[in-house]
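Below you'll find the structure I mean.
Going by the order they are written in, the chains are A, B and C; count residues from 1 in each one.
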Amino acid sequence: MKQYLMLTNEELKRSWKMIVSVILAMASIEILTIVGRVIYHERQVKEYMSYAKLSESDAIETIGELSFQQASSYFSYVIMIGIVLVILYAIQIWYRDWLGESKYIYRLLLLPGSRAKIFFAKWTSLALVIISFIGLQWVVIQLSYVIFNWLIKDDYRASSFNMSMALKQLYTMNVVDLLLIVLVSLFVVSFLFMLVLLERSYRKAKGLIFIILEVAFLLLITVGNMYVIEKLDIFLSQEISAIMVAIFVLYFVYTIWKSLRLLKWKISV
Amino acid sequence: MQFDQRSPVYLQVVRWFKEQIATEELKCGQEIPSRREIAAQLGINPNTAQKAYKEMEDQQLITTERNVPSKITMDQEIVKKVRTEMLDEAVAQFIEAVQAIQIPLGEVVTKVETMYQSTERRKIDA
Amino acid sequence: MLEVHGLKKRYGRKKSILEGVSFSVRPDSITCLIGLNGEGKSTILKAIMGLVPVDAGTVLVDGEVSREKIAFVPDLQTMPGYMTIGDALTYMGDYYPDWNSKVAEELMGLFKLLTTDKILELSKGNQAKFSLVLGFALDRQYLLLDEPFAGIDLFTKEQIAWIFSSHYMEGRGILMTTHEIIEIEHLIDRVVFLQDGRIIDEHDTEEMREVYGKSVQDRMREVYQR
């Protein structure tokens, strides 16, 4: 347990500069887009006023008021980039130990005790990054909402706006939904870890075949599930989601079990 | 110490001791370094040092009692034997070399005397 | 006794690396695994440590399947690049219950290594010395060294060879791989020759010298040039 915590700390120590700079960059990009959208909107109105020789309120009416939803519409792209970066990190966190200047994987695999701690240290690092990513996103949205209100003139703002709605659209505040997001992310991380470990265990052609098999298997159970559920059409929606969740939890457990086995018996430096 | 890689290292170590015993650099009853020390000093594997000491004990060149450093034998006879043995060995080698080029004994002896004396003189000068 | 029984390993369908390798390493001795490059010497060490899976074979330490008594020094750096020597030593102390910080400190002094130096910025010779510190400062009976002298200049080689004649060797069984034996021949107790994934010859070095009047180098030439 102690070794697991130390290893997690070690993993985070190795990437915190990268993580912090990415998170800061994302936050500043998001806030800048809010500011940019407000300024751009105002300029549009002004330009239209002088072009069509209209009063300010007429111009706003033609062009439209700016809502927070509109102003923050770029956020989803930034979040997409964030997801891609998390996926890359999940892959990099393993490969750097093999391909870096020093071959830290030797040390890790040689550490006394079970190798499971190596897996869980990396897994926990990812979990912490994902949770802080979600948390930060929440803070940035609150903050940019305040900035938006402070920056924009009252006349320019779409009045029928309600904070919780905006957040709901971008972001769920529902605890169950949030948990689900975290769970799905961790599932994706575990799945990626398993694929990486398959490749690191079997390499080349054999590794590729195993990876394709696992991906196909995952697709099969997903599509198969949906098909069966739709076809039979006898479940209540709650039961459907319960079954879906159960199957994915099972698969989730499988990916971790498989990864640990690979790490113990099949992995190759 | 430079080792001949074609003959056993432990015997080379034994020989190195014998030379020192013959020249009385190591005197009767004198303590010698521990196996550990000699290994480090000569840059050999401690096992080899162990084997060399064992060999020297078997040949009664050194005596080892429990918990005290090994000592050179007190037995003068053995020291004498080492001297003779080394001389025999050297002369035998020399004779072999000389016989190979077929030089008569008289000439060899004269040469040996003059060369031996001049090297001795050079040693003293230096 | 460290015993290796019937190690087999192949990569893909065609390339066979080890074809049933068996040998043993006595405690208190230096055994040298000799082979040309690419003969699978490193693979054997990695297989012993469980760093590569094998298709068949077992490794026993005093009759048990356990790696707890074996330390391994690969011929590359295993500590993360940002660490200094000091960080790495602390790391070892944190993770290994059998880390001997006293020995580590002594060896650091003897090898003239500085704790403030970054590992990846060390010269090749100092990297090799540092790797040896990591191996010897673990209180483990067996120590596997992969090419400890590879790519090192003669002077440094002598400095490193010193450790094999020191008291740090006491009670330790060493298994090292090498393809250049010249300067360390006199230190080795036993040689195991490897070719095409098989052991083709095995000798006690002193016996080889005594009975055949041959050096390891002589025997190497005979073995690999026939």
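Basically, a contact is a pair of C-beta atoms (placed from the backbone, for glycine too) under 8 Å apart; a residue touches a chain by one contact, two chains touch by 3 or more.
None of the values given here were measured: they were computed from a predicted structure.
The chain closest to the protein's centre is C, with centres computed as averages of CA atoms. Farthest chain from chain B (centres taken as the mean of C-alpha atoms): A.
One simple way to say how far apart two chains are is to compare their mean CA positions; for chain B and chain C this gives 35 Å. Chain A and chain B have Cα centroids separated by 79 Å. Remark: chain A and chain C have CA centroids separated by 45 Å (rounded to whole angstrom).
Residue positions of chain C in touch with at least two other chains are not found.
On the chain C side of its complex with chain B, the touching residues are 28-30, 161-162, 164-167, 169-170, 185-189, 206, 209-210, 213-218. The touching residues of chain C, when paired with chain A in their complex, are 12, 46, 49-53, 68, 72, 74, 76-82, 94-98, 119-120. Contact residues on chain A toward chain C in their complex (touch as defined above): 3, 6, 10, 14, 100-104, 106-107, 109-112, 201, 204-206, 265-269. Within the complex formed with chain C, the chain B residues making contact are 3, 5-11, 36, 39-40, 42-48, 51.
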